Amino acid sequence: MTLIDRPPAHADARPATQRLLEALDARRPGHALPAALYTDPDLHELDLRFIWQRQWIFVGSVAEVPEAGDYLTVDLGPSSVLVLRDDDEQVRAFRNVCRHRGARLVEPGHGSVGNLVCGYHRWTYGTDGALRHAPQLMPGTDPACLGLRTVALREVAGLLFVCLAADPPDDLDRVAEVVDPYLAPHRLSSAKVAAQVDLVEDGNWKLTMENNRECYHCDGHPELLCSLFPTWGLAAHQVPERLRADHERYLQAERDLVARCEELGLPHALVDDLVHRSVGFRVQREPLDGAGESFSPDGRALVRRLLGDLPEFRLGRLGLHTQPNAWFHLQADHAITFAALPLSVDRTLVRTTWLVDADAEEGVDYDVEELTATWRATNAQDADFVALTQAGVADPGYEPGPYSEAEGQVEAFVSWYADRMREEVAR
Amino acid sequence: MTLIDRPPAHADARPATQRLLEALDARRPGHALPAALYTDPDLHELDLRFIWQRQWIFVGSVAEVPEAGDYLTVDLGPSSVLVLRDDDEQVRAFRNVCRHRGARLVEPGHGSVGNLVCGYHRWTYGTDGALRHAPQLMPGTDPACLGLRTVALREVAGLLFVCLAADPPDDLDRVAEVVDPYLAPHRLSSAKVAAQVDLVEDGNWKLTMENNRECYHCDGHPELLCSLFPTWGLAAHQVPERLRADHERYLQAERDLVARCEELGLPHALVDDLVHRSVGFRVQREPLDGAGESFSPDGRALVRRLLGDLPEFRLGRLGLHTQPNAWFHLQADHAITFAALPLSVDRTLVRTTWLVDADAEEGVDYDVEELTATWRATNAQDADFVALTQAGVADPGYEPGPYSEAEGQVEAFVSWYADRMREEVAR
Amino acid sequence: MTLIDRPPAHADARPATQRLLEALDARRPGHALPAALYTDPDLHELDLRFIWQRQWIFVGSVAEVPEAGDYLTVDLGPSSVLVLRDDDEQVRAFRNVCRHRGARLVEPGHGSVGNLVCGYHRWTYGTDGALRHAPQLMPGTDPACLGLRTVALREVAGLLFVCLAADPPDDLDRVAEVVDPYLAPHRLSSAKVAAQVDLVEDGNWKLTMENNRECYHCDGHPELLCSLFPTWGLAAHQVPERLRADHERYLQAERDLVARCEELGLPHALVDDLVHRSVGFRVQREPLDGAGESFSPDGRALVRRLLGDLPEFRLGRLGLHTQPNAWFHLQADHAITFAALPLSVDRTLVRTTWLVDADAEEGVDYDVEELTATWRATNAQDADFVALTQAGVADPGYEPGPYSEAEGQVEAFVSWYADRMREEVAR
């Protein structure tokens, strides 16, 4: 049978899990995923159940909830999660749903509260989630059983991960042991938010992630290219003659960075464990081009103050990737967190947050426009690429093509996804 | 299994009726309905079949079609019903669909016609629905078999109810016997429309009804509270000390109203039969606060002319609730009808109509802005509550919570709904 | 069971093909189609598979891609087809999808290219579809296997038809033999595009076609009526007395046209083979009213230059209908092509293109507003009729009605559709 004749998903009476397994089985190693995994609303519902309601998801930073009572909300598919710093300064996560008749408890976004008061019937919860006040309860109704439903939450060096499952995967702590030494010197837990931008991409969340996992398309990112060495992502044997000098420059910058990290006791070596665990991850410190300090046209720092304990600016970029939905760039002057969050089978929210040292002053130590320019432009370009791809994979004429040598992390993401989905179906 | 793991409705291959029964069985007495009944498009289709295409539905008043040829249309889900006063002054209802190739016959809204002429091929029907003219019919085509399809219609004291079923439930006449004496003195059949407002609420129709069936949320209705006694809905033992004086005032007002009704021969006692019949209903005359005449800031009448045969203004509010979709407030100076009509699984139209005496003159006897102010504000507030609730019940984190002592009529509505749905599945 | 009780399509767990066959079986001869065939998204998916991905579809004219590198795109449901004149002047069709990760290759519409370069990773294809350039391919990846997927394309007298099937129906060539002598003298292959207008109709594509296939509704087309004899479509015995003189005028005009065609060697006789072949068609030359030259208020030509080899203006209208999606009017001064293209179960694109002689100069030999006035107005009126009908057939109160004597070609279209769908289910 040719792809042309594949039955349209929603006219398909077979169980969604069967269609999921057939799509996963149909994938050829080294090739993109079959279309149904990007376009079938029923399979998207399985993504929500098996990835977004089962795995650890990056949702934001402690810097977004600095004071007691501060909260943020994040939507994992249809599930709204309320992340709140309670009166004891502990960050907690709850379902953003009133226990009475289900009204949404707080409006989407960021805010600050004393108690959590439902707008409908004024049921009132403490920041610990306990039901404090509800008038005219029926005899026999026990308020102690009507506290907000909790959601598992972990902090890793100032980054917040939640898991909607009753029994979260247990390997986040082990991943934290590895990545914490890389991140700790940046002291994100005491950083402050300089800017946050939400962008909606017209594509499936996996296309957003696949796009992030390669720089094979980086010719389409003129602003970003200022910070990347021209031979970034090329193996030595792939470097064309005309780029030989650039490559030497890159190798020297890498040697300098490694030497300096050794002196300063900063971990830098690549650890890549993207596929074979629930919290697949990859961490590495790499040099940046130009002055080598930050994502700016000339490579110089965009913030005058160093983040946390760092002694100097020229420390390149600490890159962290976590499955299924995040990537991070930590420089000596600022850090950027990226979270991809599915809105529907073909729409994805990308939330980008710029963090600077708590003592850095806007207008004095940094300019927000300058600070955010490179990644606002790059995100907008990526949104176009993702939309082009969603349109194409929804076409019956689409056949998954072969990945290039520059797309190893895309293959890793897709493999991680396929393994997790199979595991969940088998549970 | 936790709610988190419930399969997404539209990935669910089981027959919709099976899912319906499972959802109804999952409901705990005294608790809100399971989410699927508010969010699953397939179960909404069953609501359309078992409620909206089977039960008697309030659609408007005779005052909306005062002259021969006047019509209104109303959509019951995908079914457009044409309510028309024919040339013999009789109000009839038809399917708003041409018998030729199905073109919509009249545009939505209100209007007036001589004959009903289809805009497509000019097939022409009389106000009695008979096909009067259709050119070039094939030999053997019998125009007598091509009249408009009729829809069952009944008038109750000037209120119009339709039923799309071929065999409508037979108890509307018995309900009419009970409620007619309450409504008759207001003479709605000879009233006139002062205003009509359509509002779309972003929620399932049952959430709109549940919201209407309780005043537990009335703190959110500042304008409406002027007309309600502060202890409205509280049992004697629930009245807090600080409201003791208000409660005495309420009890006195009630005694006065009862006495006056007895003198005037106006029925006033509560009749509550909301659950155990197809046309569940509840009727009662109750005092209003302040001057006790109408829904105004000081309780005084908003219209200078009395409705129908009524001798005086201070007669409080005659409240009528009918399942599945209507509620009514009849004061001595004006009456208000409310119809909830489903647009989709998560959108509902609320049509509010203000009726005044036929001889009342706009600008002289009443001001439309003043007349409609309280309920325009209250409806807008309710629309917000319904939208908050729809967002929350669509969240996998939603668990149906317990009703309070103030939500008895919500329980009654939900029970009526569950009973009707089970009956229809069993037919 | 009454229509009221028919289960809503998408709550229906039966396979879509079974529902399709039941709907086709439920159709009474001489009557419109059952509602599900116009409203059920699953059955629309079967339309896409069995009609739009199997049959020959009219997509445009060679005049739209006059030069090497010129292209147009057309969407057949979710399938975007790229029609391109290659470097050897041959018109080809490809899937508009990159072979790498599926990005849409060219933007929708018309344009011109040297090579086809994917905007995502810069994979580059020649106008022959071959992959010319793709960096860092994995060892063992063969670029020769990664050319653009081709789509079958045929030209008939300057009109372009494509078929998405791997094994296109074989009768287009035989149809071409019949219609080519009718069209050839108009020389469309060397015409030029004077105007093109895309209009979206809010209805199923079959309603668009059914509307085109009859003039029973032409009272609704005042501009068009100028060009049609008042007795158009009436059999002799149906002509009312008051139109007798008009009918005589029509018969005379027809005799004149036939005589002139015989002298000029122009084929004119009706050939009607709409039902019993894949490329159902109907062709005929007919007189126009007034001056008999063109679709203008007075019947005079709208373009000063004759199309192709034609010797004079008064040659009426050469009408060509092809199943499933096109109709054509060829006059001596200009030709008009119409393509209906489904956007969704209830939205259809109608693309209208006006062709004039290559040497005709805009502003000198014709005025675009004048040239397009009649059919822009007529298309807008038809869009209203189609929207009215879609609204009505989606109403559970819809019952397919009887066709009149004036709707023989509607019956033919519907029969063609039913036969093709049954054939495909049986394959």
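In order of appearance the chains are A, B and C, and numbering begins at 1 in each one.
Just so we're on the same page, a contact is a pair of C-beta atoms (placed from the backbone, for glycine too) under 8 Å apart; a residue touches a chain by one contact, two chains touch by 3 or more.
All values derive from a computational prediction rather than experimental measurement.
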Touching chain A and also chain B, the following chains: C
Copies chain A and chain C touch via same or different residues, half shared test: different
Cα superposition of chain B on its sequence copy chain C - rotation in ° rounded to nearest 5: 120
Where chain A and chain C are represented by their mean Cα positions, the distance between them in whole Å: 47
Multi-chain contact sites of chain A, meaning residues that touch two or more partners: 10, 13
Contacting residues of chain A [partner chain B, same complex]: 10, 13-16, 41-42, 45-46, 48-49, 53, 78-80, 95-105, 119-122, 134-138, 141, 146, 149, 164-166
Contacting residues of chain B [partner chain A, same complex]: 2, 4-5, 7-8, 10-11, 13, 30, 32, 35, 210, 216-217, 219-220, 234, 238, 384-385, 388-389, 391-406
